[in-house]
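Letters A, B, C, D and E name the chains as they come in the text, with residue numbers starting at 1 for each one.
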Amino acid sequence: MDVNPSVITVITFDDTHCNISHIDEPSAEAIKGITWINVEGLQDVVLINKLAKRFSIHPLTVEDIVKPDQRPKVEEYECYIFFTIKLLEWDKIKSVLVIQQVSIIFGKDFILSFHESPTTVFEPIRAKLNNIGPQGLRQRSTDYLAYRLIDVIVDDYFDVLESLGEGIENMEDRIIASPSPKNARIIYRIKRQMLLVRKAVWPVREAISHLLYEENTLVSPFTRVYLRDVYDHIMQSMDTIETYRDMLASILDMYLSGLTIRMNEIVKTLTIITTIFIPITALAGIYGMNLPDIPFMKSRWGFVFVASVMIGGIIGMILYFRKKKWI
Amino acid sequence: MDVNPSVITVITFDDTHCNISHIDEPSAEAIKGITWINVEGLQDVVLINKLAKRFSIHPLTVEDIVKPDQRPKVEEYECYIFFTIKLLEWDKIKSVLVIQQVSIIFGKDFILSFHESPTTVFEPIRAKLNNIGPQGLRQRSTDYLAYRLIDVIVDDYFDVLESLGEGIENMEDRIIASPSPKNARIIYRIKRQMLLVRKAVWPVREAISHLLYEENTLVSPFTRVYLRDVYDHIMQSMDTIETYRDMLASILDMYLSGLTIRMNEIVKTLTIITTIFIPITALAGIYGMNLPDIPFMKSRWGFVFVASVMIGGIIGMILYFRKKKWI
Amino acid sequence: MDVNPSVITVITFDDTHCNISHIDEPSAEAIKGITWINVEGLQDVVLINKLAKRFSIHPLTVEDIVKPDQRPKVEEYECYIFFTIKLLEWDKIKSVLVIQQVSIIFGKDFILSFHESPTTVFEPIRAKLNNIGPQGLRQRSTDYLAYRLIDVIVDDYFDVLESLGEGIENMEDRIIASPSPKNARIIYRIKRQMLLVRKAVWPVREAISHLLYEENTLVSPFTRVYLRDVYDHIMQSMDTIETYRDMLASILDMYLSGLTIRMNEIVKTLTIITTIFIPITALAGIYGMNLPDIPFMKSRWGFVFVASVMIGGIIGMILYFRKKKWI
Amino acid sequence: MDVNPSVITVITFDDTHCNISHIDEPSAEAIKGITWINVEGLQDVVLINKLAKRFSIHPLTVEDIVKPDQRPKVEEYECYIFFTIKLLEWDKIKSVLVIQQVSIIFGKDFILSFHESPTTVFEPIRAKLNNIGPQGLRQRSTDYLAYRLIDVIVDDYFDVLESLGEGIENMEDRIIASPSPKNARIIYRIKRQMLLVRKAVWPVREAISHLLYEENTLVSPFTRVYLRDVYDHIMQSMDTIETYRDMLASILDMYLSGLTIRMNEIVKTLTIITTIFIPITALAGIYGMNLPDIPFMKSRWGFVFVASVMIGGIIGMILYFRKKKWI
Amino acid sequence: MDVNPSVITVITFDDTHCNISHIDEPSAEAIKGITWINVEGLQDVVLINKLAKRFSIHPLTVEDIVKPDQRPKVEEYECYIFFTIKLLEWDKIKSVLVIQQVSIIFGKDFILSFHESPTTVFEPIRAKLNNIGPQGLRQRSTDYLAYRLIDVIVDDYFDVLESLGEGIENMEDRIIASPSPKNARIIYRIKRQMLLVRKAVWPVREAISHLLYEENTLVSPFTRVYLRDVYDHIMQSMDTIETYRDMLASILDMYLSGLTIRMNEIVKTLTIITTIFIPITALAGIYGMNLPDIPFMKSRWGFVFVASVMIGGIIGMILYFRKKKWI
């Protein structure tokens, strides 16, 4: 097989026990308690289909899981809820936004999660499930665990937004100092990443709202209180994104006006130099003509007179520019 | 008759059989199973009217079918549902968007589809219906077949958007390299095609939503699950269109600021050359005056002095420009 | 009386007969069948009040009829429905948009229509009513006739939009060829007419929607099917208007960037000429100084040397401009 | 007391009588028929509190009446309805928009109106109430009178909008003729007044809509028909405001492009003059060099040759500019 | 412990008594009447958790209280309502907007408020509670007290908006006088603060609306009347913010057009000087050529002729510029 093999992590737990194992293929045997199967790598379609068959997943759901560009959404089926969302991670080394799709399916006693590339975002939850001693998370049903998965993903949005926000603040200071096209390009890149974040975050609002307000036996009132919290986080992210968009627009305005200010400066220099020296050149040209009888030409004080006129002109011009506040 | 003759393809099928034939005129005899009649070429109004009579189609529906500029919509009549949608195809050779209207009518045991120009978009469905052996599509009712027709059309939207998206990415790189009016024109052309795509896609959302949520005996719950999927695809297309619009706006901003930057460069060159040579010309003019007693004029070191002043001025100016980061 | 006299056309019809007459004053006698009274010219308020009394029209309705700047709307009264809409006509000779208000009132057995200026828009309907032989339109009730009146008015919107669209297409080509202020002014005129069309069309949507969905004994289900069609036409007009607005915005963007490009060209010419000739002038000035001992001055090859430097400078500059892609 | 004393006008009326008096303090005695008390000047809080106590007005209502910057709104209390709205008046002498708040309270048999500054807007209503003979307005209940007060205020909006519209039309012509900053400033002033009008008009829509559609025993069906008319007027005002905003945006675009066109013109002049004379100067400079053996220098036809080259250059340049359509 | 210690103010009151004390830790003993506990400083999480346990506060609520960047919202729990809002204060000395989060929890007989930094905004309420004698505020239930806390916070929004509005008015005048980048920077700073205010105010609308319209036994009808007032204040703030945003956009437009006008001025000066002196220089250059037989060269009137041409040219140019309204 040419495709990258999938990594399957199976966690079975109840109040008192938790068992983590890595398998190659889902087994059909029934297990006491709740099973959480995480699949990393979505290219092995055969395997995913087997898994889908085992848990009676609708073909449309399978299609949505393996296509990496779904719109975040929630879909209710007879015996499970399908939730797909984007995981945003900020690659601090490359200053690049990494987006991948996470699909979560939860039924009465199972929860499946799918994503393409390795990520550490679910580690804390696994660690918590595995902790010795009586503990909250193991006593909860699958909907609460699904909430936890969604919650850690949504929490990552804030990290990404913070990184973008820092980038914006940096650029704001730099663009004032020098409105160079290089800086403009960086701003456009941030703007574009912001578009991607917005495209990923916006539909989540609707999906969470659906989970919150639609009647469904799979989502308990206990979990709904927590989902309300996730909903608030999404709203807060959206507010932040809108504020950042406005800030980016302001920065670009400043950049454009910075370019015009710079042009003004350059043209001002040109005008000042030209305006001072062109009349001098003209006057010098006049006294350079091969004509008889130019006034003062033969006079001993000719040069003094001409030089005085020139210096007077320079001083006059400088005073004029001062008055106009150009220099 | 001057009009182009229509090409009529009749497919009759039930669980076990499928028959494809090309006819000139619809016959009135009853057929066991489901009949799918596809009409290519909408100029032969007489024929379409006959067909409409055969299946009791409302005159308003006929009018909507033959007028090529309908807004995508769904309309329920007593014994059929009328759905009209735009088929978008990207002509890769001419880099041109081709839009035509497809009208779909489905009743209890018949489905009619109409379009003006030849297209291969329905071929896979015909092939699937014609396949030997028991097979899903032949067992479904007309609403599922209608869903399949709509589905392949909506799937084409992604192809078109991808082609436009590639065009945008290309232009983004090129416009940075050279903000020429030619490139700007290409961007405006993409923007305009995007407007057409948006105009075609946006109303489909409402039409699908109507099919999904309005009570109707013709649309089975089984098919509704699939229509929900089409609805998601439309939403995803809209998201992509919005993102592209924002990206196009950014590119045009970059183009405009690129023009100003270019202007700055040109004016900077002018200013530097002028500022360096105008004072030299003025000084040379002064020593070219036919006046007695200009200082240094008679001196052996006169030229050395003047040349030093000139070279000093040039160096001073260059240092000044350096400081201003102009060169 | 100083006001222009109104022209009153009375059409009474039932299944079999149709009678058209022009009268000066409405008579109070009862008529078998349906009466359609069309009033052209709204300045004779006395007459309109008489008519209103005859058909028990509310004073507010009369006020709305005679004031020419109503917002399109529908209002239900106890025994009639009042509908007011803008008739848009494109004066092809003057290339000007002509807007007038048409008010339609229909009750159980009468329909009144009012407009200020002569128009031929209702002619086809009158012709159809007057046709000999059994015929559909005469068998319908007043609500269907009202639909027909509204329908021909809304159909005219497409003509106007097409004319504006042609104007936009023309300008698009022309503005690329020459970004002159004259062309810009034409675009702003089109934009303004588009604003007026939008103001006239937009509220009609709501009015038709009201007729469609509000319960009312005067509007039969038969007619509602047709009104749905009018509603679609309005939506299509709105889509077209929005697309045109976006296109106009693009054209204006192109115009503005065209101005900057033109400026770039002009400044480029200035820079090239200046940059080539200013150093030559400076060099010539140096050799024009009345100083002893300028190098090469006395030499036989002096001119050849100076000319070589000048020509070398010119060639150098041209190569530099080539490299910068300025020429 | 330092505050300006309030002017209180009390009108009591029933079908047959109407009595207008100016008093200093509200009396507690019961009056047959309906009482309309108008208070001009809101600084005498003591008096207003007395009045409020007499008619059992809630403290929050009193607070809203005396604070001059309320948002237009309607509030229902147990035994009265409180309506607050902005009165817009156009001061034709100063070309300035005057805004003041009018508060209207109506119960079963009383109506109170409050405003700060003198206004003649209610005069026609007072006149109508006072007319001898049986007359409509005196037979109506308080809700109809309240409608009349609101109606005259809303009708004034059209006057203000018309004045602003005239200002816009004027500026449109002027800004084309001369894109001066002075004219721009006038446009910005109009734009700002438009903002204020919009802020005042927009919330009224909601308030009227509340009166229209909320169940309330104080507002009779008879009056609701008339309120629907006021609602239409508000919608029409909003449409007009939006159209004006778009027109102002267009004018400002024209102004900005006008500035660029002007710059183009100026730079074009500079370029033409420079391009014609700089080469002449350079050539003249060359023949002014003190070098032996410059070609044609000693020739009798030297000047003719040089002059020909110069004139040829000038003609060439002019032809070039013609071709470029610069002159 | 490294964290700043919290300052806890406990107020217990009923109709007749009021007791204010500062404690270190909440006691568990029951108190007659209503208890209002205000916590200033949110870093001592241990203490807040104790408090939460004492009043049975949900862990999610505690989390929201100690995280300082919540979105304003209201959340209902079984036996309390949680309300979080931003307190905006304008630091007049630094001209800086200070934002902190205030969380309010109210149950049947307790009210808790939390904020990070010291503020005097609740002082008047404490003073009122502590006043001797029978008094309204002490007779109300917790929901009314919560309303009072929200009310004083919302009232502060107007102060902040007024300060920003003053800043805008100032800048409007200044930017016309001198479109300097420094002034632009101030405008961008105001714009940014406006964004923050908007982000803080906008969600409050929804929260108050929830309190107003959702059924809840904790919020009495008496208090709802007052909450409607707060709601109006929020709407009014939003209107003001939108108006300010439009004004800021206008000012920035004026700034940008001011830059272009300035450029026009500078380039005009350059063009005038160049256009006047370049032809003079050229003519002088011609008469400076070392060629025999230049016309007028030997003539006594040569200089007079040349000078006349020069002066004529200057006058001609000046007249031309006058005509063009450049000078």
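The rule is short, and it goes like this: a contact is a pair of C-beta atoms (placed from the backbone, for glycine too) under 8 Å apart; a residue touches a chain by one contact, two chains touch by 3 or more.
Everything numeric in this text was worked out from a predicted model, so none of it was measured.
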item	value
Chain-contact steps, minimal, separating chain E from chain D	1
Contacts common to chain C and chain E (chain labels)	D
Cα superposition angle of chain B on its copy chain E, in degrees to the nearest 5	145
Equivalent interface positions on chain A and chain B, same or different at half	different
Distance between the centres, which are taken as Cα means, of chain E and chain A, whole angstrom	25
In chain A, residues with contacts to at least two other chains	256, 260, 263, 267, 270, 274, 278, 281, 285, 288-290, 294
Ring order of chains, beginning at chain A and proceeding to chain B	A, B, C, D, E
Of all residues in chain E, those that touch chain A in their complex	58, 60, 64, 69-71, 73, 75, 178, 181, 184-185, 188, 191-192, 195-196, 199, 202-203, 252, 255-256, 259-260, 262-263, 265-267, 269-270, 273-274, 277-278, 280-281, 284-285, 287-290, 294, 296-298, 300, 302-303, 306, 310
Contact set on chain C toward chain B in their complex	176, 225-226, 228-229, 232, 235-236, 239, 242-243, 246-247, 250, 253-254, 256-258, 260-261, 263-264, 267-268, 270-271, 274-275, 278-279, 281-282, 285-286, 288-295, 324-326
